[in-house]
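Sharing a structure, written as structure tokens. Questions coming.
As written, the chains take the letters A, B, C and D, and residue 1 is the first residue of each chain.
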Amino acid sequence: MKIGLIGAGWIGEEHVKRLAGRVTGAEVVAVSDIDPERAAAAAAIAGARVVDTAERLIADPGVEAVVVTSWAPVHAEQVLACIAAGKPVFCEKPLTTEAADGLRILDAEQARGERLVQVGFMRRYDAGYRQMKAVLDAGGVGVPLMVHCAHRNPTQPESYHSDKPMVDTAVHEIDVLRWLLGEEFATVQVVVPRSTSQRFPHLVDPQILLLETASGARVDVEVFVNCRYGYDIQCEIVGETGTVRLPDPAAPLVRSEGRASYAVVQDFPSRFADAFDTELQEWVDSLRSGVPAGPSAWDGYAATVVANAAVEARRTGGVVAVDLPGRPAFYQE
Amino acid sequence: MKIGLIGAGWIGEEHVKRLAGRVTGAEVVAVSDIDPERAAAAAAIAGARVVDTAERLIADPGVEAVVVTSWAPVHAEQVLACIAAGKPVFCEKPLTTEAADGLRILDAEQARGERLVQVGFMRRYDAGYRQMKAVLDAGGVGVPLMVHCAHRNPTQPESYHSDKPMVDTAVHEIDVLRWLLGEEFATVQVVVPRSTSQRFPHLVDPQILLLETASGARVDVEVFVNCRYGYDIQCEIVGETGTVRLPDPAAPLVRSEGRASYAVVQDFPSRFADAFDTELQEWVDSLRSGVPAGPSAWDGYAATVVANAAVEARRTGGVVAVDLPGRPAFYQE
Amino acid sequence: MKIGLIGAGWIGEEHVKRLAGRVTGAEVVAVSDIDPERAAAAAAIAGARVVDTAERLIADPGVEAVVVTSWAPVHAEQVLACIAAGKPVFCEKPLTTEAADGLRILDAEQARGERLVQVGFMRRYDAGYRQMKAVLDAGGVGVPLMVHCAHRNPTQPESYHSDKPMVDTAVHEIDVLRWLLGEEFATVQVVVPRSTSQRFPHLVDPQILLLETASGARVDVEVFVNCRYGYDIQCEIVGETGTVRLPDPAAPLVRSEGRASYAVVQDFPSRFADAFDTELQEWVDSLRSGVPAGPSAWDGYAATVVANAAVEARRTGGVVAVDLPGRPAFYQE
Amino acid sequence: MKIGLIGAGWIGEEHVKRLAGRVTGAEVVAVSDIDPERAAAAAAIAGARVVDTAERLIADPGVEAVVVTSWAPVHAEQVLACIAAGKPVFCEKPLTTEAADGLRILDAEQARGERLVQVGFMRRYDAGYRQMKAVLDAGGVGVPLMVHCAHRNPTQPESYHSDKPMVDTAVHEIDVLRWLLGEEFATVQVVVPRSTSQRFPHLVDPQILLLETASGARVDVEVFVNCRYGYDIQCEIVGETGTVRLPDPAAPLVRSEGRASYAVVQDFPSRFADAFDTELQEWVDSLRSGVPAGPSAWDGYAATVVANAAVEARRTGGVVAVDLPGRPAFYQE
């Protein structure tokens, strides 16, 4: 599969390395970026051409599928261009920053009549979440009633502002829980503890999202992006007959100096390296057999709607309804 | 220490056995119960006398200290009688069911001018919570910002109704968190997942309490009294620099038939047997050196106010302020 | 039960505190020690009399039962005196240092015709080992084939010499495994790793005991008394259908500074405090109902024979047969 | 890298799939097997040619590197043929069944003057072992003194005989411990528990290998190939200041029906799937930059010598010296 990649920032370059070096059946043939030097550097990794604009890259007859890792506000137009060109597109999350743009993509893809869009929600490819889903689907804990999550980062840069916990961070939980629970969210509320003194005064951190699904399951997500001690992702699903908990990454237990301890992962690229690889490998594999099998444009749209509702919930302090239209038959699974 | 016990139901009989058989420095000399047969059965365990009313037991010159394990609605008058008689009294939780009765006890004890009342919040005596408190107090996780708790029972009888998750069950978390965090609760809210189908239609189960402390720390307490798989108490405190989690009781790991597993405790008497023993032993020990050192009448009152606010919160669906007067100097620690 | 205690060293004083303060149904009425000041100090804890010799204490009509916590080489004569006096005696391990002395005790007790002797192997009273035994006895792992143990101390004083790993340290594993497996040891071998550089050149540390039971189960016991990081007792039994592992003591998991960790206990009094309490409580309780129910003189004798064989095995480097006579019917369970 | 594979049995076919589907930078161009149908089936997976003999495959100018997954007794001649042809060869373990054949390979490779041989000891590529090595190499537990290992399989077929625990099974521990400890083994002994009743009477199972390294570290390896409950690999290294333990594979903790449990892996392909992938990927990557960086012919030879000594040790019941010549400078790292 000959792939063109748009947006050669950190995640773009990571995906170039991944596609060139670890994913089989794919090669990166073209790279574009608004910064030509960055494009050249990423292209050099894969021996790919530099193409000067996203439009030209999408139109390039040598490009069979597109990876969009550009700045989020331009995702919509680039994804729409791919759909117009009839080319499969893998778009990093978020699919769009505005829900209205998501609707335009849904409309365009349905009008085109074939599934072309996959969104980069990599947690669905993490071995731990997949094991949890297997337990759930086998009825191992009964019907889910509650989910308790934590999403903790050691720290974040100054540019990270108080809406990002929802739109950048908890959006991963929003997606993976939609997938695990197999239903949509109906309402969202945000409660705000006293903020940590360890970081910027402007930042509201931690925050806790309280979500309710269509069937009445309740989800709480602690988002704490300056927890200092590590990158730590926790998830426990409580069903009618039992509970299942996401495992910590395997690490040796060391007994030393009075304590038994294991290392906590320090960043998300380490935590989800295998998930990213699996995600792109399965995307490439699925393209050969037809349509992308991963998170769809609908999943990207729904996650944006929920995250945006969470932003509103934090600002208003109230319970906000998630205003999601019915899922089109086109996107049924 | 010669002890008289009022109320020979299950917990009363347990405490008679405990005081007679495992607690040193104490003997049960008198037992009373509205049911004379129950009183006789409990008294027989300890070779104690049966006294026909609570009043006579409290007045008995051979009784140096009183244990109240009667029906909750009569706690207030019995505790007040002990205060009037100047006798130390250990009252099982709740101290009172109505906050107004708690205020009367506070007034009476202050008027008397000596601390006589201890309330039976046994979790403060559990080794795990004490280890957590040691970590907290040593600054091991920094200033607490959030606490995530779960209180799960395998099941409950039909008489257990939808206010009990707050007043009977989560009241333990309410107390132990006041003690761990060293501050009062300011607000409470209750969110309600879809109820489990495994038990009575009349029961709202599970329920989630959302509490805020005076300093702005946020606490969530899942109460799920028909979780079926076991009696499971979870507590994680998230501070500015780390987290600390209540340990599960130690149990052998068995590898067998494809799984590695350990037993989950099935009931609270097993889970907190040692805590109950320590609680009464320390109470008896503290009486010798002066005043009861455990949870005070203030602690009993505060827990009732918070639990009652939680009941109101569930009924109204809103955020309810915890209406607690300033802590009297008499009860400062 | 009125108890006299002989030998007011560290463990003697601990047992005085335990009997006086935590064990019910017992009081310490008399203490003797070759050092009168030590005797006085221990006696003062319990309000007991000081008796000037062990003989007089044993003969004292006010003493109903005796606890022997004296220097090991005099255990034999003191225990024999108790048997002669017809008084129950709890003797700290080892029952005797020489196997021949153990035989004299077995003979005397059988001649007396009643069980009077209990030996202080406290691990049988540890909750973890008891849980393991329950799993074993329920067939949870099938017939035991192998046991892997480790016995680690942070350090030991200079007086600790290279035979002590067997006679002082591994003797606990020797006893608890006889109890867990329900059979005697047949052979023993010792293999010796390069010694740690962290402590005295004269000390062979660590050492590994390799034991074989009568039925052919194999046991390995790592003894490492200068492991530095903590007091750590490990035991895993491998049966025909599964394995069961002794749990670590419950301790909170703390996430901080890049690691998730829990404290390792630092000394055996902390690790086995509850076991010591239970041991003496059950001994006192058993005296009321008749004979001591704990480790018998036979158990003390067998442990000494095995430990002494291990000493010989280390010195010779070969496999040494455990030369144990048939268990007398008197000591069958 | 154009690869020819010799021996299309189970592991051969797995490696074809791996090289064709998950390893980048490699393609399988030729397959040979004594059974032409098996060769054809494996070749079809990769779109490779079938070559009728191993000799022709090695000589084929279109084959740049060779993977040997044939029957162990023919490994030696095929590896020697690759050396003669100057082609890199990846040989599944064991490199040879006879130590003398290993010496011939060492001589041939040295005479050739370039490193061409890598042996398939995949544990060095397992994330858990690599994390342990990082802890060791950073001095996290001090100088290693002891290692405790267990290698357990659920069961084995009837053809599995009593030498296989050493030559097929523990050979993995022999290699990975040589790598972890960075030194050779000096002696080996085998002790034999009573065999499990769960499987064939002809099979001596379990067996315990006792190894001593050149520096005096002691290693015990329990090999239990009919443990029934799962495929379970345990390893704990005890150093002068601490211990480090191989982690179990990450798996969700499920609380259900009175127990908290996680799944134990059931077979070695699942347990080491990632290690196999990494092993072949790193081999392919290393070929590009020059010589194979993984386990060398020396490693394969040393493992065979130790395993064969263990076979002798079991048969004689004694301690057997590992008769290994000095490591040639050619194989120093």
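Just so it is clear, a residue touches a chain if its C-beta (ideal position, glycine included) is under 8 Å from a C-beta of that chain, and two chains touch if they have at least 3 such contacts.
Owing to the predicted nature of the structure, the values given are computational and were not obtained by experimental measurement.
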Task: Nearest 5 degrees is plenty: how much rotation brings the CA atoms of subunit C onto those of subunit D?
output: 180
Message: If I compare contact pairs by residue number, which of B-D, C-D or A-D overlaps with A-C on over half of them?
response: B-D
Message: Between subunit A and subunit B, what distance separates the C-alpha centroids? Give it in angstrom.
response: 44
Task: Using mean C-alpha positions as chain centres, tell me how far subunit B is from subunit C in Å, no decimals.
output: 38
- line: Taking each chain's centre as the mean of its CA atoms, subunit B sits from subunit D at a distance in Å of 58
Message: Please output the residue numbers of subunit A that touch at least 2 other chains, ranges allowed.
response: 229, 241-243, 248, 255-257, 262-263
Message: Going by the contact rule set out above, which residues of subunit C touch subunit D in the complex?
response: 142-143, 145-146, 148, 150, 191-194, 196-198, 206, 208, 210, 212, 215-218, 220, 222, 224, 227-229, 238, 240-243
- prompt: Hey, which residues of subunit C end up touching subunit A in the complex?
  reply: 229-230, 232, 248, 255-264, 266
Field: Residues of subunit A touching subunit D in the complex
entry: 20-24, 127-128, 131-132, 135, 140-141, 241-257, 262-263, 281
